[in-house]
Amino acid sequence: MSATTFVYIIEIIGTFAFAISGIRLASAKRFDWFGAYVVGLATAIGGGTIRDLLLNLTPFWMTNSMYIIVTGIALLVVILFGKYLIRLHNTLFIFDTIGLGLFVVVGIQKSLMTEYPFWVAIIMGVLTGAAGGVIRDIFINEEPLIFRKDIYALACVVGGIAYYFSDKFGANYVVSQIICATFVIATRIIAVKYHLSLPVLKGEEDYIESKKKK
Amino acid sequence: MSATTFVYIIEIIGTFAFAISGIRLASAKRFDWFGAYVVGLATAIGGGTIRDLLLNLTPFWMTNSMYIIVTGIALLVVILFGKYLIRLHNTLFIFDTIGLGLFVVVGIQKSLMTEYPFWVAIIMGVLTGAAGGVIRDIFINEEPLIFRKDIYALACVVGGIAYYFSDKFGANYVVSQIICATFVIATRIIAVKYHLSLPVLKGEEDYIESKKKK
Amino acid sequence: MSATTFVYIIEIIGTFAFAISGIRLASAKRFDWFGAYVVGLATAIGGGTIRDLLLNLTPFWMTNSMYIIVTGIALLVVILFGKYLIRLHNTLFIFDTIGLGLFVVVGIQKSLMTEYPFWVAIIMGVLTGAAGGVIRDIFINEEPLIFRKDIYALACVVGGIAYYFSDKFGANYVVSQIICATFVIATRIIAVKYHLSLPVLKGEEDYIESKKKK
């Protein structure tokens, strides 16, 4: 199996896992099949689409119908086997995390092929991995989860910085990509296993109300 | 009256109907005049703007001030005659549905002038017709209506598929466009008349809470 | 001090003030540090990013890391001195308003360098000044403040129209820019000082519910 085939299979797995996460949250909100499909698709392709718009590239999913089809299969799976998915929680978590690692690598790689500096590439990696989940949460009218809990987006940042140093120390780009994905996946797994999270900002809870009334 | 003039008049009617829908929902949320105008405008031009950004075309409303002006007239109408609009419910529904049919046709047509395959054009048709309503609902902080009820976006999909087969069977593009719009409008009217809707996904209602606490 | 340096300093102040506003609202929602940073960044650069996507220009913050860094400093300030910020309310309001004036000028200026007509430039000015706050409110899952209260976006419109007439009467573009910023700032300060606001649309409060159930 070639490296390209390997990456493509991981990309399908990542797309599937991201779509499943969107569809399940949509089902918790009692969306209909179409709504769930759209939320699943937005979760899977939303981050990469924003990245491509910012980099002025053709949105990646518009030249390959795989993403549309895999999301459709994810919807079918939730419709048919929804009640068993809860038992597959750990499997889905692993799929989702592997997908996250790959999405970050793809985002950084695409940016490095343009003229932008490395810090832009890291931001694009984070967007590719994490922005789909933000769009998903806006669609289901919830505060974005990644803004409140979990080392999720931060895992993407860690992976991006690892890529940068690996690249700076002269590593081959394939090595840098593997290091990047490994850091993303390891950071995420360690954070979940040990319940690590970022500090919460001390709230001025009445600030929003005061703004509304002022 | 030429065909171009005819299409232009329908486009104005569609823009007006979409803007009215946004402004009325904004008024239900007690937005001020400016907020209502923005919500109306986003409803009318949001879908087409996303389509043009994805296709890397100039956003359509930036070369013709008609959309800005028609939305202003829609705001005036709601300010002056708001309380009578409820009686015009059926008229507004017809306007909205005709506009939907045309928006889908315009979205598909613009995409077919690029190099993208037909399935991308169908997605662009759906986005042109339905994405404005999603933006509207995000602005008024409600779960997007089209994700939960009605055959609305699905009517756009049906119209797009009708366009595809008409095109495949060698029909002239004007014929294909009329068939597409007819299918959108008919699907929507039949769905509303007979209270047809898509199945709702069986909910894991506690999934969101579990995600928040985990 | 050259005019360019002066504008750059004001841009830093504006970015800082916008970021602070986003971070404080995120803290009221108990977002973690990362979430607060993202909301602050989106508030500061969101409007300009939408403008640049619509104008098909390179997003301004991707060629200068200043915006990323200033938002980081803003986060640090809120973490360390958050509880004192409430006393600085008036200072922050002035910073925010000066930033607003400059953002509108930058938005109009960038648009006039393209081929678009003046009314598009005014819309881009309003987007540059006001769209970041809308994205901020969507992220924290609140109805956008500028749709419900305050002469905020309207101050941008007033400044844009002032720019237009100044330009039409043959004023030098530096003069037009100063007039524009002055009108934005003055309109905003007068509106807040005298509690001016736009009329609220008479609500059909049951319209949303009827749409949901229909």
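Couple of notes before you dig in:
Which chain is which? They are A, B and C, in the order written, and residues in each are numbered from 1.
One rule holds in what follows: a contact is a pair of C-beta atoms (placed from the backbone, for glycine too) under 8 Å apart; a residue touches a chain by one contact, two chains touch by 3 or more.
Keep in mind that this is a model prediction, so the values were computed, not measured.
Chain contacts in this assembly form a complete graph, since each chain touches every other chain. Counting the residue numbers that touch the partner chain, chain A and chain C have less than half of them in common.
With centres taken as mean Cα positions, chain C sits 29 Å from chain A.
The multi-chain contact residues of chain B, meaning those touching 2 or more other chains, are 53, 56, 138, 141-142, 148-149. Contacts from chain C toward chain A in the complex involve residues 23-36, 38-39, 49, 53, 56, 58-59, 62, 65, 68, 78-79, 82-83, 86, 138-142, 145, 148-149. For chain B in complex with chain A, the touching residues are 53-54, 56, 116-117, 119-120, 123, 134, 138, 141-144, 146-149, 153-154, 197-208, 211-212, 214.
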